[in-house]
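Report on one structure; see the data block that follows.
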Amino acid sequence: MLKKTTVNQLSDLASALMEKGTLVAPVREDAGFQFREITDAKRVDLNFHNTVISPKSVFFPQTEDFVRYRTGRPMQEAEPVEPQGKPLILFGVRPCDVKSFEIMDIHFSGTGDVDPYWQARREAAAIIGYAFDLGAPAEPEEFYQTLGIGAADPEGSDIFMVRRGDDLLLKSITGKGEALLTGMGGLAGASADDEKFFDDTVAAGRDFKTRFTCVDAEVITKKLEDLFHNTDFWEKASNACLSCGVCTFACPTCYCFDICDETLFQQGTRRRVWDACMFTDFTLEASGHNPRTKVYQRLRQKINHKYSYHVRKYGVISCVGCGRCTRYCPVNIDIFSIVEEAMKA
Amino acid sequence: MSRIGVFVCHCGLNIAKTVRVSELAQFASTLPDVVVAKDYKFMCSTPGQEMIANDIREHRLDRVIVTACSPLMHEQTFRKVLAASGLNQYLLTIVNIREQVSWVTHDLDEGTAKAKALLNGAVSRSRLLMPLTSRVIDVNPDVMVLGGGIAGIQAALELANTGRKVYLVEKNSTIGGHMAQFDKTFPTLDCSACILTPKMDSVLQHKNIQLMTSCEVSEVKGFVGNFDITIRQKARYVDHNKCNACLACTEKCPGKSVSEWDEGLVKRKAIYIPFPQAVPQKPVIDREACTFFKKGKCRLCEKVCEQKAIDFGEQDTFSTVKVGAVIVATGYDLMDTRDLIQYGYGKYPGVYNALEVERLFNSAGPTSGKVTLRDGSEPKAIAILHCIGSRDKNSHEHCSRVCCMYSLKFAHLFKEKTSADVYQFYIDIRAAGKGYEEFYNRIIEEDVKFIRGKVARVAKSVDEPDRLIVEAEDTITGKFIKLPVDMVVLSPAMIPRSNAKDVARLFNLSTDKQGFFMERHPKLAPLSTMSEGVFIAGVCQSPKDIPDTVAQANGAAAEALTIVVKDKLELEATTVMVNPASCCACQNCVRVCPYGAPFFNEPKGVSEINEALCKGCGLCASVCPSSAIIARHFTNEQVLAEMEGLMEF
Amino acid sequence: MSFEPKILGIACNWCTYTGADLAGTTRLQYPQNIRVVRVMCSSRINPSFIFRAFQLGADGVLVGGCHPGDCHYNTGNLYARRRLAVTKKILEFAGLEPGRFRVEWISASEGNKFAQVVTEFTGQIKALGPQTKFKIS
Amino acid sequence: MSQTVTPYLEMSQAIMEAGGEALKKCYQCGTCSGTCPWTPITHFNIRKLVRYGQLGLDGIEDFMWGCSTCRFCVERCPRGVELIDIVTAIRNVYSGGGMLPQSLRAFVGSLSARGNPWSGDPAARNDWAKEKYPVYAPGMDYLFWTCCTVCYDPRNMRLAKAAAEILNLAGVSWGMPSPDINCCGESLRKVGDAELFERLRGKNLDYFKSNEVSRIITVSPHCLATFNNDYGADYDVTHFSELMSQWIRDGKLVPKKDFGGLTVTYHDPCYLGRHSKVYDAPRDILKALPGVAFVEMERNSEESMCCGGGGGGLWTEKAKGERLSDLRIEEAMGTGAKVLATACPYCITMFEDSARTLNVDGRIQIRDVTELLLESLEINIDEPVGDACAV
Amino acid sequence: MAVSFQQIEEKLKTEARRLLESGEVSLVLAWGKGYDEKHPMPYVAKCPSDADGIVFNEYCTHNPARYLVRYPRGTKIAVAVKAADSRAVVQLIQEDKVKRRDLVILGIPVYGIKNPKTGELIDGKTTCGLYNPVLYDVLIGEEVHGQPVSSPYAVLAEYEAMDRDARFAFWKKELDRCIRCYACRKACPMCYCDPCFIDQRKPRWGEKSPEPAGNLMYHLTRFHHLAGRCIDCGECSRACPVDIPLYLFHKKVAKDCEEMFGQAAGMSIEDKPVLVNFRMEDSDKILE
């Protein structure tokens, strides 16, 4: 089903969506666009290229409380925090980010060990994808084409959205999407012309140019395995690296977390908080030993995890080429360039 | 998980009056990890201590909190209880609900609420306490006594008699101090010199005492049990090893200066011994007064000295002594009353200060013991003015304590030696001491006139220009008195030595508001100081008379002995340590430590601590940006936990 | 109910804590809003203690040390003075009322000063009202 | 009088509440009464006053008016007792009960009705200036605060004029207050009428505020002290002698006239000296006058005697032999001085009175240092001193 | 500037090559090529041929002094520095993190450096605004004459003038969005602690989760740790992915320290860091 509205009526669309569940959509903030829970429909803003932090934070927030307890009381009195299963609409997700959910599902539910918090939100969510603007060039940091992702791929979305001039075309991709779209008022029917534009856009998206290098999952895995002991290669790659957490926090497919207890006035919370393999204490063991004390070891781990170990274990590269890690890296380290170098080696 | 016992003391009604103690104990029992909470009338009493000891065993306590008076009061007492019960003494926490709660409020609700907050803080912190072990160090068996007045002499002799080596350091060229200037001592009126000089002599003769006159301490390093003290021997220009004390030099010397011993009433030579019974009985040259030093010519003393003991080229020398304990007995100065213009001291020749009068009475003094005015005449009326600069916000707030009694003594001696009328102008007569009130009564009966009123002004008499007028209100009659006298005796305040601050800095002593050295506790540790191993005796602590000074000296000697009698000494364990894994090698600790305890281990790239030098202030811990320095017993997490506990309620 | 502030005191063992004891020994009365943490020296005070205290809900923080020049550890409070001065500037630029943080030199003999400072500071904090800016809600 | 007394502590409490808190500190040593200039010559005894106050004894009203608030006792008190506050508080507590002596009623009445103690027409306050001198306007350097005494008392008008002339010579911009201000209230406060004082103070402060006054010059040390100590506002208040001595030092004013060896002594006004700690400036002025032989009296500076005019003394009748100003004149004459210089309109009034009643006004002149300086600057608003003293 | 970026780049390459060839140093810290022109990155040349990879253009904002502490003590290092960067070197020498004798400082007088993200000039606003390095062995280019027109603290005026509550609201808004990626401290040449206090488990100074309480604790403490040490290079703010203007706070503390203690950070290797130092003349006024 294809429906349409106009960008001028975006807030009406948002209002309609808010009636269906919690709406999370891009909003403009001081530091750029971010996905935020919408309370004011007028704040939804589609004039963005992509958000600073990826939408993984919607299903896997940076801080997640598990258990609340009082210090000095028996364990039985601790109260677990129940997963949230409220209907949720995640609006305006770029195709590469939509793809990331598929990869993340492997970790949070796919292997059989189900993370109830992720799962509850994921199941309750409808994803409204949004094609990149094919009229403008890709940003220099992006390389999703390398990972086989088109600029207008509707796969993974429940509804996929394409902009046509001042019109917004919404097409249901899944049953869930169809149900949602059907139940919504205020939308106009789309013309055959619109239908065609939608299909053309999806097709054109596949050829849309981002940075590209031919990366075969098997090949890069092997290359990286061979390079593992090439310290020189990794030192060069990491000379500038600061070991901060920007790349991992911005990344849509990084999922590492730490579990910590925070107490105040004897009221304790056990919560998970994003962690980053680039942090020096990420691998610090209780004994005081740290297997990865060098910067190059940590950067090597990150690249390998995404392009080698992940492939060996799950068969897919754990990167969607969104370019966030490069864009926000304080010292301009570029994962694409490193992968490119590795392919050449 | 800890097992904490909380023991709330009533301190009779001291605490129980403004803190609901049983409610506090009840509250404690609701706090995490508290397994037993009790209140009791006197926790420091034997049954109180036994109760704690029993509960430690019975409830297998691993932390004890005593909620009572200040830790400065009874921390040691309760630490011993823990130690005796097999629990590390540093697992004790004291909550101060007496000095800082019950005594500073009248409100039962407020007091109880604050006590709860403090207790909660203590429970939070207590859980994080770690057992600590004390360091054991070797103890140097020798002692240094600083100051050769009666206090220093007495302490040195006491210690030397126990077989300890004593270094007696005196800044003047003789020992004896102020007591050597006195004529008679109250209330017994025995001769000061007669009781002091034998002691001075014993010092000189004692094989265990190394007498160091004309010496000053220039640097103090180390710590209790192991002080390294650098002493400056000031040049005397006379080789005391060669000098045989024939004193031919002093006869020939043309240089003159005022005699300090005689309070400037007469002159002495440039090469001199301060007084006939000086110890050591060897002359020194006063550089300021010496003709050779001033004009480059003379050397008469050198010519007459058969021993060739004169050495004009002598320089100050420095030596280091190692001792285990120190007694500071540096005495006092008399306030300079020139600033109190209303009394005319320094302006009118008839106005004297107390020490000058002591010299006038003394048969070895400038007048050979005759009481005469500066013009040689005998005074017909004498006014003795009490509290000059003492008990006075405008100069010194403290009571100098001995003035009443020596003023009475003066009155007696004036009566004995002259036919003058003697008046005492006083605010209160303070005669608390053995035989003192009796002495006061005796003086009243000697027909000394007592006028209760502080003198407002001493002026020149208009009618009789040679006489003085003393003006005051007789507060008993309410009449204004103008009294013509020939002599006015001021009883000035006894004040800390002018260099007391320097001594305090050298030995790390605190000083009180007046500048006297502060004792660790006014009642329970009156001779100890905040510096471990440094004791104080005599007037440097506060004004007192000779019997009290001697008693303190004996006490300080005993205190010093308790340290040096042992071969080994346990020190407080609350020093700092470095967690090398966290050290970021910024070396801030090395930069700030006043004691040089932290040092940088270059090969390892981390700071380390020389714990023998550490005094546990924790400065390094707070300047350590990566929290690598752990200040034992005051760790970051302990302080934070306590804060959190305090702020919860 | 009237506002009863929570005031954290951090006092050095040798001067201010002893001075606070003296205030008690001499039975001086002062408001009970202050809760004192004893440390060995004012230089032990990590600036983060102060930040944390405000986060824990302290309405005011009073630091007490020996008078400069009289530090039991010679120079500790001279470092503390600089470090705490910077702490105060940071608090102020962060938007906290500077009156909520005070450093006073109170010697072991100044029991009356301790009582007077606490009384005055408590009054000042009451006038400022509850501290909500840093307090963890 | 009965020898039996009963302590009445409510009264004592009332005194403390009225500002006499310091009662508690006194231990009756007698330093104050020994120091007090009145003790030798009158029945007034300051220590006893405090004692009566401490116990709230009856009979206090018999001698509570004796103090001239010279501050000598305060400076010397070993307990730091602010005795003047006690005196003021006692007067406040008791005069509230209608115990104001007759001689002070006119003074208080005038202040209440006319805002000045001299029963002067408020509108005529600036008449002495004969429209010769400017009225203060915002932006001027100085407000020259003309004390009521210099505005209404004919003798002291000379002082006002002298000051005005010197201000002009110094080339600063200045102005007098407009007539709608009132007395600073200093003496009134000391006689215990706190309420009326507050009224006067409030009115003056309003004037300062609305006219943007920041720097004030006074010729009366009483105004100086009360502005600095009782007004509780942050104005830069200076006694004129300090400015004059500064200007002489800076070369702004150059004394010219040679006094030809005229012997001058100086009396420290209590409110300039002990109250405000200004001792050197007037002496520096006198020492800068060519041909003046400056001599000190035995009691000078910190130990200076009181003229008796403070604390309401100016308006109180004193019997002969009980006047401090008489003693002071005698002391001044004892130095051989022909001129007794001072720097306070109250002192001038007291001394002029005494000189007349002692019948020595031909032998000693009473002058303000301001007047002497003006004379030496060769501006004549007055008869020269030299002739009058050529006895 | 009399000398172009191109000329500086050439001179840098030449010097780097010379130093590496002669063996005077074992590595040169400078800037190299990034994924595009606008994004050069910190670069290490370890052999003479590496010198060709050196780049210098108007986007070379990074502070190479940041990397000095990464190499073992005693490593001979040549470091290319702009003015603020040179202050970091001086400060590190003061703190004995590097030895003067182990360094060859290649000083670059320069202005006109731009933030690639915003295109804004960084001189003076987010950095200390000096043109010339305060310490160098080799001058790359020519000293710029004249002084910056405005004070590096001029940007503070607006914030200092703010009402205290407004300032609190401002910082709350800024600091609340911190995601605790620690790019600021990692980009900072003076933040060399490992572990940082905030990573400590004993004690836990602040909450690890990126919520207001922990954020406030982290940043305020970090401001204090950098008091009198921050050399105002502005890297913390540029590193921040959520654009928190940390430089403002650092500048304010630097200004206060300069006023109170009469010393700016990283200006002389003879100085001692102000917070591990004192003077007897220090007055209690600083506590008011």
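Residue numbering begins at 1 within each chain, and the chains themselves are lettered A, B, C, D and E in the order written.
By definition in this document, a contact is a pair of C-beta atoms (placed from the backbone, for glycine too) under 8 Å apart; a residue touches a chain by one contact, two chains touch by 3 or more.
Only a predicted model underlies this, so the values are computations on that prediction, with no experimental measurement involved.
Among the remaining chains, those touching chain A as well as chain C are B, E. Common partners of chain D and chain E, by the touch rule above, are B. Measuring from the average of all protein CA coordinates, the nearest chain centre is that of C.
Across the structure, the highest number of inter-chain C-beta contacts is found for B-C.
If each chain is reduced to the centroid of its CA atoms, chain C and chain E end up 34 Å from each other. Chain A and chain E, compared by their mean Cα positions, are separated by 33 Å. In this assembly, the C-alpha centroid of chain A lies 86 Å from the C-alpha centroid of chain D.
Computed from the mean C-alpha positions, the centre of chain B lies at a distance of 30 Å from the centre of chain C. The set of chain C residues touching two or more other chains comprises 47, 52, 56, 75, 79, 83, 136. Touching of two or more other chains is recorded for residues 592, 623, 636, 640, 644, 647 of chain B. Contact of a single residue of chain A with at least two other chains is seen at positions 264. Every residue of chain B that touches chain A in the complex is listed here, in rising order: 31-33, 581, 644, 647-648. By the touch criterion stated above, chain E contacts chain A in their complex at residues 34-36, 39-44, 62, 66-67, 70, 173-174, 177, 179-183, 185-187, 194-195, 199, 204, 207-211, 235, 238-244.
Those residues of chain B that touch chain C in the complex are listed here as 70-73, 96, 98-107, 110-111, 113-114, 117-118, 121, 505, 508, 510-513, 518, 530, 574, 592, 594-595, 615-619, 621-623, 631, 634, 636, 639-640, 642-644, 646-647. Of all residues in chain E, those touching chain B in their complex are 73, 95-97, 192-197, 200, 202-205, 225, 272-273, 275-277. Per the touch definition, chain D reaches chain B in the complex via residues 27-31, 33-35, 39-40, 45, 47-48, 75-80, 298, 302-303.
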